[in-house]
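These notes concern the structure reproduced below.
The letters A, B and C name the chains in turn, as written, and every chain counts its residues from 1.
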Amino acid sequence: MEGTAITQEYMNFRSQHLLSVKGITLESIDELFIVAEKMRPYAKRQKMTRVLEGAVLGNMFFEPSTRTRVSFGSAFNLLGGEVRETTGLSNSALAKGESLYDTAQVLSGYSDVIVMRHPEPHSVSEFATGSRVPVINGGDGPNEHPTQALLDLFTIKNELARLGQSIQQLSLTLLGDLKHGRTVHSLCQLISLYSNLKIQLVSPKALALPCKYVDMLTNAGHQVEIGSDLEKGLSQANIIYQTRIQEERFESEQEAKRYKGYFRLNKQIYSDHCLPNAVIMHPLPRDSRNDANELDNDLNKEPGLAIFRQTDNGVLVRMALFACILGVEDQLEKYDKEVNWQIGLK
Amino acid sequence: MEGTAITQEYMNFRSQHLLSVKGITLESIDELFIVAEKMRPYAKRQKMTRVLEGAVLGNMFFEPSTRTRVSFGSAFNLLGGEVRETTGLSNSALAKGESLYDTAQVLSGYSDVIVMRHPEPHSVSEFATGSRVPVINGGDGPNEHPTQALLDLFTIKNELARLGQSIQQLSLTLLGDLKHGRTVHSLCQLISLYSNLKIQLVSPKALALPCKYVDMLTNAGHQVEIGSDLEKGLSQANIIYQTRIQEERFESEQEAKRYKGYFRLNKQIYSDHCLPNAVIMHPLPRDSRNDANELDNDLNKEPGLAIFRQTDNGVLVRMALFACILGVEDQLEKYDKEVNWQIGLK
Amino acid sequence: MEGTAITQEYMNFRSQHLLSVKGITLESIDELFIVAEKMRPYAKRQKMTRVLEGAVLGNMFFEPSTRTRVSFGSAFNLLGGEVRETTGLSNSALAKGESLYDTAQVLSGYSDVIVMRHPEPHSVSEFATGSRVPVINGGDGPNEHPTQALLDLFTIKNELARLGQSIQQLSLTLLGDLKHGRTVHSLCQLISLYSNLKIQLVSPKALALPCKYVDMLTNAGHQVEIGSDLEKGLSQANIIYQTRIQEERFESEQEAKRYKGYFRLNKQIYSDHCLPNAVIMHPLPRDSRNDANELDNDLNKEPGLAIFRQTDNGVLVRMALFACILGVEDQLEKYDKEVNWQIGLK
């Protein structure tokens, strides 16, 4: 594939906002993931690129999220760029009655691209109307978190490839609190770009996937099974996507507690009921307290546990996004340097 | 103008603290603004300079201020330098009884130049006595915020130039809470370096500009008019400087509420009572809540609305300050590189 | 000494965690301090190195500490690397029940080396079990803070050298709250690698050094004197290490208040009772409030006051640690650049 050909394909990312998974096409995903794969040697520190030297990311987390914030920031640093950031809402100008439009006008004068997280649904889209540079939605409350969905899909494709399978062989079990998890909802939207896959939805009835997403999957032509039997739900999956009970989204703590630890996955269950080499994913953080423990630590050495490959993939996907939005995805190697320090642990 | 000539002029900035607008001369302002203009292509990403590669800014915000902190940080990054920063007072060593002198001694061992904001008046000057590197006052409570005054003056000169006018043709209306706003007070001091300009002060009587500043303007030889009639105050101005009611500086919330939304400026008033092309400035944030709304959003498309050009100018002025303080203002081009990424939005 | 020889000596730092002062050998300290001395011209900005350009430090302060966080961050910047950081515990994934193992797995995918501070003892060691990159303990509650101990020892050796003395001539007085100060405890462990030194322990009886550390010093063959007479304790020391009353570690504020300001050191006492040129150290922050004031400001011009040379040394030692852990200590000069800006104040 030629560089110029790639360039023309990125209609959906170049110099544009990424506010939602809506509107993303299979073609743009495929192209993005090709770039993400090109990022692997840089992220693994086999080589280094300075392609974004001098560029500035505004990493604006008006709702704190260490993991996601650092992932975006490191991705930008790995491309050679600088990161300015903020964390938390209180005391900011927003608290003095500044509109999101104004905040965006001001902050977009300070950076080349902005990642924004904010607790209010649709706040990031409102912010984007005032921004003079591309805005990436880093999560707007219960609404969207498109880069999580992209890294989840990238991980699914990669893990299947590791098993010698293609996306058309996907048998995906979504497990746990399917009602509240925005990562599950966004992933369903991306999965609906494909057709004729096997999807198992396993949850307590009260935490079932909203009809809207079930319909979306069905309309895409997938074979959807809905149930609340853990063992049955696991038996056919080559990819298992476990979720955390989103306590903070329940009406009462009491209500949330009812479901905590309901669908635990541990080594015993994995060995007894899952396909050999079945892949386990989770959007993280997983709750490792005794009363929750949805994904037991005794799975930590299991080769199928992909949860940390999944977060590692987040860096690749975010690097690729930055590169495509800023239009440097074909220039990476031009700015290559050798890595001169020791990698990892002895 | 020769490089060496410029160098000799920067008596007021090179290797010095900038703690106050006091003591700044017209000559040093003129020279600073020449450098600020040289920063425009770098800030607009038409080219890039790495002149401060390896330098470290200590961006010490002991009072949070996302906008100002990010503006300083980005300005330093745009010159190629690195930024270490802190935000907030609690938990810091200051809370354990450390003197500002000690804090400065310690932090000045970690950076090449320090920006400091702190809620207490004169705290930054006290801090500077212990610093071994230049300190820029990023705002010390109600006292001073010299870079805001400089960027305001820079904007006034630029906007007048855009209208084909010079500073000597300035007819400036200061509008709103002229009692509490430190930006207005500092701007009055800089304006008093000039003479024979037209200044209109429009506020509720209880929020009038303190006598000290009125005297300063009068003594400088300006034609000062004081009043509380919005429409009359606007009619002659080529520059209108609107302010926010500084709720946090009133004795009670009740008291502050009395004046909230008192002098609103909107498209109707602007069209009916202002000169064509009159420039609207504001130190931001503007309060866009319904009960305040001192500067209506229906002005957002008005070419005269300069509030975001004003914040953009803040980056230029701060870049210029860093360059002059660190003595690299004549070396920018030596470290030029091309910008290889896409700028702005499609 | 040849480069390769140095390389082979760093068994204790290269590609390894630094979690504790335990296990550090005299040989590895000597080698580290040689590298720290090589850092001096870079820290003093006489030249610049970009040896870690492209590397990313994860500066993870789950307990806030402006001074230590900025010191580590600046040290990494001075080597040319980038810094991603976090400050504070609340709202982080840890609060959602994530294990330290998981946090480490995730964060270690985002950086080349991690500094971690956390309020819980042994938390950093637990974190390190999940990290795929080297972890430096930046302080785990009352337990350990190994880089502080290293910079203290480095300062002792440097100050003695400044007086024309060697470590074997050390007569060290540890002064104040010897019960709670982790810096004192860690320093005692490093001092115990030597033998036959003079150590005076001066504190109120209730705040005496725990037996464990007294035994450690005695077993190492040091001449240990224990007392609560300030003047006697000072009379023989060439190095005085003063501490702060660790209010936050007392059972009640009342209890802490009893000892506040108990052993004050000021110019009068220093002149009357200390050896000429006796060196004064302090882990900082010193409490300069009237009721504490353990180290009076009237000592600020005293050449023997080494407290800010001590914090400056922290940068050298942390630069050396990063360089050794990442294995670039012999490549510094290869990446040298000139410093092109003005240093310090006029």
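Here is the rule we go by: a residue touches a chain if its C-beta (ideal position, glycine included) is under 8 Å from a C-beta of that chain, and two chains touch if they have at least 3 such contacts.
Being a predicted model, the structure only gives us computed values, none of them experimental.
Although subunit A and subunit C carry the same sequence, what matters here is overlap: shared residue numbers make up under half of all numbers found at their interface.
When subunit A is fitted to subunit B on its Cα atoms, the angle of the rotation, on a 0 to 180 scale and to the nearest 5, is 120 degrees. Separating the centre of subunit A from that of subunit C, both taken as means of CA atoms, is a distance of 39 Å. Residue positions of subunit C touching 2 or more other chains, listed in rising order: 82. On subunit A, the positions that touch subunit C within their shared complex are 45, 48, 50, 64-67, 69-71, 73-74, 77-78, 80, 82-83, 87, 244, 284-289, 292, 297, 300, 308, 311-312, 315, 337, 339-346. Within the complex formed with subunit C, the residues of subunit B that make contact are 14-17, 51-56, 58, 82, 84, 86, 91-93, 96-99, 101-103, 105-107, 109-112, 131-134, 325-328, 331.
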